[in-house]
Amino acid sequence: MTRRDTPTLTLADIAERLGARLVGDADRRVSGLATLREAGPDQVAFLANRAYLKDLPETRAAAVLLHPQHGETCPTARLELDNPYLGYAALSRLFDPLAGRPPAGVHPSAVVDPSASLGARVEIGPSAVIEAGVTLGDDVIIGPGSVVGADSVIGAGSRLHANATVCHGVVVGQRAILHSGCVIGGDGFGFAHDGARWHKIAQLGGVILGDDVEVGSCSSIDRGALGDTIIGHDVKIDSQVQIAHNVQIGDHSALAGCVGIAGSTRVGKHCMLGGGVGLSGHLTLCDGVQVTGMSLVTNSITEPGVYSSGTGAMKNAQWRKNAVRFKQLDDIAKRLSRLEKGRDG
Amino acid sequence: MTRRDTPTLTLADIAERLGARLVGDADRRVSGLATLREAGPDQVAFLANRAYLKDLPETRAAAVLLHPQHGETCPTARLELDNPYLGYAALSRLFDPLAGRPPAGVHPSAVVDPSASLGARVEIGPSAVIEAGVTLGDDVIIGPGSVVGADSVIGAGSRLHANATVCHGVVVGQRAILHSGCVIGGDGFGFAHDGARWHKIAQLGGVILGDDVEVGSCSSIDRGALGDTIIGHDVKIDSQVQIAHNVQIGDHSALAGCVGIAGSTRVGKHCMLGGGVGLSGHLTLCDGVQVTGMSLVTNSITEPGVYSSGTGAMKNAQWRKNAVRFKQLDDIAKRLSRLEKGRDG
Amino acid sequence: MTRRDTPTLTLADIAERLGARLVGDADRRVSGLATLREAGPDQVAFLANRAYLKDLPETRAAAVLLHPQHGETCPTARLELDNPYLGYAALSRLFDPLAGRPPAGVHPSAVVDPSASLGARVEIGPSAVIEAGVTLGDDVIIGPGSVVGADSVIGAGSRLHANATVCHGVVVGQRAILHSGCVIGGDGFGFAHDGARWHKIAQLGGVILGDDVEVGSCSSIDRGALGDTIIGHDVKIDSQVQIAHNVQIGDHSALAGCVGIAGSTRVGKHCMLGGGVGLSGHLTLCDGVQVTGMSLVTNSITEPGVYSSGTGAMKNAQWRKNAVRFKQLDDIAKRLSRLEKGRDG
C-alpha cells in the first residue's frame, strides 16, 4: 500500500465540501489541519470546545472552522458552521492519506479461491487469503495478511486493515472498517460438562455486522452458538473489545476500549459503554444506556441514564483501610441499626 | 478452506451416535439443530433448561432432545437422554461445517521449513509458515496466515485457525483448538531495574498446553522466564485472556473472556474464572475455586467455593455519593465504634 | 527462523561478561541457567531474593550468582555481584536462543515494496509485507507474517515477532521489541455525533515509539487524531494492553498486562501501572506514580506514590451482603452523623 500525498485545497473548496460559510480569502491554499495552538499558516484549525476559546486570538492557522458566535473574535479567515465538531470530522476525512488512492488490484501473492466473487475495484493486499465462496462487494479493500473465511460476505466499500481475520460464514455490511488484529467470527465459548470434563459445543451460528460498523485493533466478536451474533448499523467498537456469542448490539451504540460482553446479552440502540466495562451474560440493556468506565453490570437495565460501579482511586494507604472496612460493611450497617433502635427506644 | 455442506441425518442415526432413546419416526431426515422456538420441521431442537419448557408444546422441530421426564409433553418425535445438554453438545458437533472435510494438504503458498516433520493428513493453509524443527502430528490443521515457531510441537488432531501464532519452543497437546489472533509463547514480562532503567530478562522457558485445550481469539499465553508456563488438560480459555509467564492452570479449569493472570500464579483443577477476573502474581488457588466476573484476587485461596469483589452497578448519581463515602469508610467505622462505646459506657 | 543451539560458556567467560568476581573453577563449562532448586551440574543458578536463601545449601548448580554477603554459605563456585538480579538479567541474555543467530536475509515469499529502504543485515521472514516508503534500520528483524505499513520507520536493532502489525506512518525507535499480534498505529476511536449517527474523524496523527520499547503480545497502540501518540524511551508494555490516541507515556514507565489508557492521557516517567489498570482520558499522572492492579483512575495524580481502588475479593456469600450495603453507604453515613449529633446534643 502507498499513502497518497496530502492534498492541497483552497478555502473555497473546503467551504463548499463542508457546507460552511467562508469569511476570508477564498483562494488561499491549505494542506492540512491542526489544533488552534499548533496550526501553521498552511493549515486549518477548528474551535469545537469552549475550553480552547483562549487559543483563538493567537492562532497562526490560515483559517478557523468555528461556530458563527465566535466569528468576530477570529483573527484570520473563518469557516462558519453550526456544528464545528462535525465539520472537523468532515475536514479530517478530506485530508485522510488512505482515502482517494486508486485501488491497487489483487496482489500476485494474495491467494484468492477461484470460487470467490470479487466486485469492481477490489484491492487485495500481499499475503492475504480469500477462501472458497467468499463475496467481496465493490471497492472492498483487504489489507496485507488478512484472511476472509469460507462463504463470508464483505459489503461494498468496506475495508480490512492488515492482519485482520474474518472467519467463515460471517456477513459484514457496507462501509465497515475492521482494524488490524481483530477477529470476527471466532468460536463462542460453549462447553457442556459431564461432571468430569468439558465437551465442546460446536458454534454453528455466524456473525452479522451492519453497515458503517467499525471494529478496533485486536478486538474479537465471537460467532453465535445457534443463531447469529448481531452488531447493528453504525456501531463503533474500539480496540481490545470482546463480544461473546449471540450478543446483540443496537444501532448507533459505541463501545470504548477493553469492553467485555458475555453471551446472549442485548444492548440497545444509542448506548455508550465506557472503557473496560463488563456486562454479564443474558442481560438486556434498553436504548440510551451509558455505563461509565470499568463498571460491571450484572442485572438488566430498563431505564435510560448513566450507570456506574466500583470505587474511585485513592492513595494506597488510605485504600487499604477502607477496603478492609468494606468487608465489614454489612456488620457496620447492622450495628448502626441497633444503635438507632437503642436511641429511639 | 471450504466448509462442507450441512449433513443430512436420520433420527435413527442421531439416536445411535448420541446413545439416545428414540421415540418417533426413525427414518425422518434432519439437516440441522435450533432452539425449540426457532427450529423448523427439518431440524432437531433440545430442552436442557427448565426455563424453556414453556416452548416445548409449540415447537415445530422434527424431534426434540430431552430428559425422559419431559417425554410425555413432547408434541413430536423425541430423543431421550439423561443429560440433554451433553446431548446438545454432541449433536452440535455432528453438524459442524468445519468437521469431516477431507484434508486439503499443504497449500503451495505455505512456507514449510524442510526440517519440519509433518504427520499424516496434515493441512497447512495459504501463507502459513512452519519454521525449522517443528513437529506437526497427524491430522493437524494449520489455518491460513498462522505461524508455528522453531522447534514447536503440535499434537495430533489439533487445529490452529487463521492468523494464530505459536512461538518457538512451545508444546501443544492433542486435539487442541487455537483460535485466530491468539499468541502462544510470546515473551513473559520480565525486566530488572538498575535504579535508572530496565534490563530485559530473556524468557528462556516455554509453554506447554495439555490435550483438549482451547484458546480463544486474541488471547495470549506467555512463555516462562526459566521453567515453562503450563496449561493442563481440558482447560478452556475464552477470548482476550492474558496468561503471564510461569502460570500453571490445573486440568479442566475454564477461564472466561478478558481474564488476566499475573506471573507464577497457580490455579487448581476444576476452577472457573468469570469474565474479566484478575489474579495477582505468585498466588495459589486450590481446586474447585470459582471467581465471579471482574473480581480481583490478591491473596491465595485455600478453600473451594465462590469468591467475588467489587460493587454492583447503580445509577451514576447514587454511585457518586456512595463512592465518596467509600473513601470515608474507615472513619465511619471508627465513629460507629466510638458511639457504641459511649452507649455501653 | 531457527533457534541457535544453547551456547556453552566457561565460568570465566560469564564472570567477564557480567563483571562479576568469580570464586571457583574458571574453566568449568555451563550451558544454561535455572533456579537454585532446579539447576543441574551444567547450569548456573542465582540468588536475588532472600526468600530463596534456604535453597542455597542444597543447590546442585555449577555456580551461583549472588551478592558477596552470601558468598560464604555457597556450597559451590560463585559469581559475586552487587546486584545479582541485574546479573541474572544479563546472564539470561547470554543464553537467549534467539540472539546471536546469523541474519537469514529476506525470505523469497516476503513482499518488499521496491521503494522501501533496508539497512545492513536486515532479516525479513516468510509471508511478511513491507509497504511503500518504509525504512528498516540495520539489524532489523521482521518476523513471518508481520506487516510494516507505508512510510513507517523501524530503528536499528528492532525486532517484530511473527504476525505483528505496524500501520502506516509509525516511527519505532532502536532496539524495540514488538511481540506477535500487537498492532501499532491502528485508528484512534474518534467520531462526531450529529444527534442521530456517528461520523468518523480520520486519525491523521501517527505513533512514535522511543528506543528500547517493548510491546507485548496482542497489545494495541492507536495513532493520534491530529498529533502523535508518543511512547517514551525504555517504556515496557505487557500483553493485552490498549493505549488510545494521543496518549503520552514518559520514559522508563512499565505497564502490566491488560492495562487500558483512554485518549490524550499523559503518564509521567518511571510510572508503574499494575495489571488491568484503567486510566480515564485527558488525565495527567506525574512522574513516579504506581497504581495497583485493576484500579480505575478518573482524576489526575499530582503526587508520586501508590494508588488503588476497588475492594478485595471475599467469599461470595459475604460479598453479596456487603455489596448491597455499598449501595446504602451514603445513607449509612448520614444516619451515623445524625446519631452523633443526637449524642452530642
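Just so it is clear, A, B and C label the chains in written order, and each chain counts residues from 1 on its own.
Definition applied: contacts are C-beta pairs under 8 Å (C-beta built on N, C-alpha and C of every residue); 3 or more make two chains touch, one makes a residue touch a chain.
Note that the structure is predicted; figures quoted are calculated from it, not measured.
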| query | Since chain A and chain B are copies that touch, is their contact same (over half of the numbers shared) or different (under half)? | reply | different
| task | Just send me the rotation angle from a CA overlay of chain B on chain C, rounded to the nearest 5 degrees. | result | 120
| Between chain A and chain B, what is the separation of their C-alpha centroids in Å? | 26
| query | Going by the touch rule set out above, which residues of chain C reach two or more other chains? | reply | 109, 127, 145, 163, 181, 218, 240, 258, 276, 310-312, 314, 326, 328-329, 332, 336, 339
| field | Of chain C, residues touching chain B in the complex | value | 1-3, 32-35, 38, 83, 85-86, 88-90, 92-93, 95-99, 107, 109, 125-127, 143-145, 161-163, 177, 179-181, 212, 214, 216-218, 234, 236, 238-240, 252, 254, 256-258, 275-276, 293-294, 310-317, 319-320, 323, 326-330, 332-333, 336, 339-340, 343
| field | Residue numbers on chain C that touch chain A, as the complex places them | value | 109, 111, 113, 127-129, 131-133, 145, 147, 149-151, 163, 165, 167-169, 181-183, 186-187, 189-192, 194, 196-204, 218-220, 222, 225-227, 240, 242, 244, 258, 260, 262, 276, 278, 280, 291-292, 295-299, 301, 305-312, 314, 318, 321-322, 324-326, 328-329, 332, 335-336, 339, 342
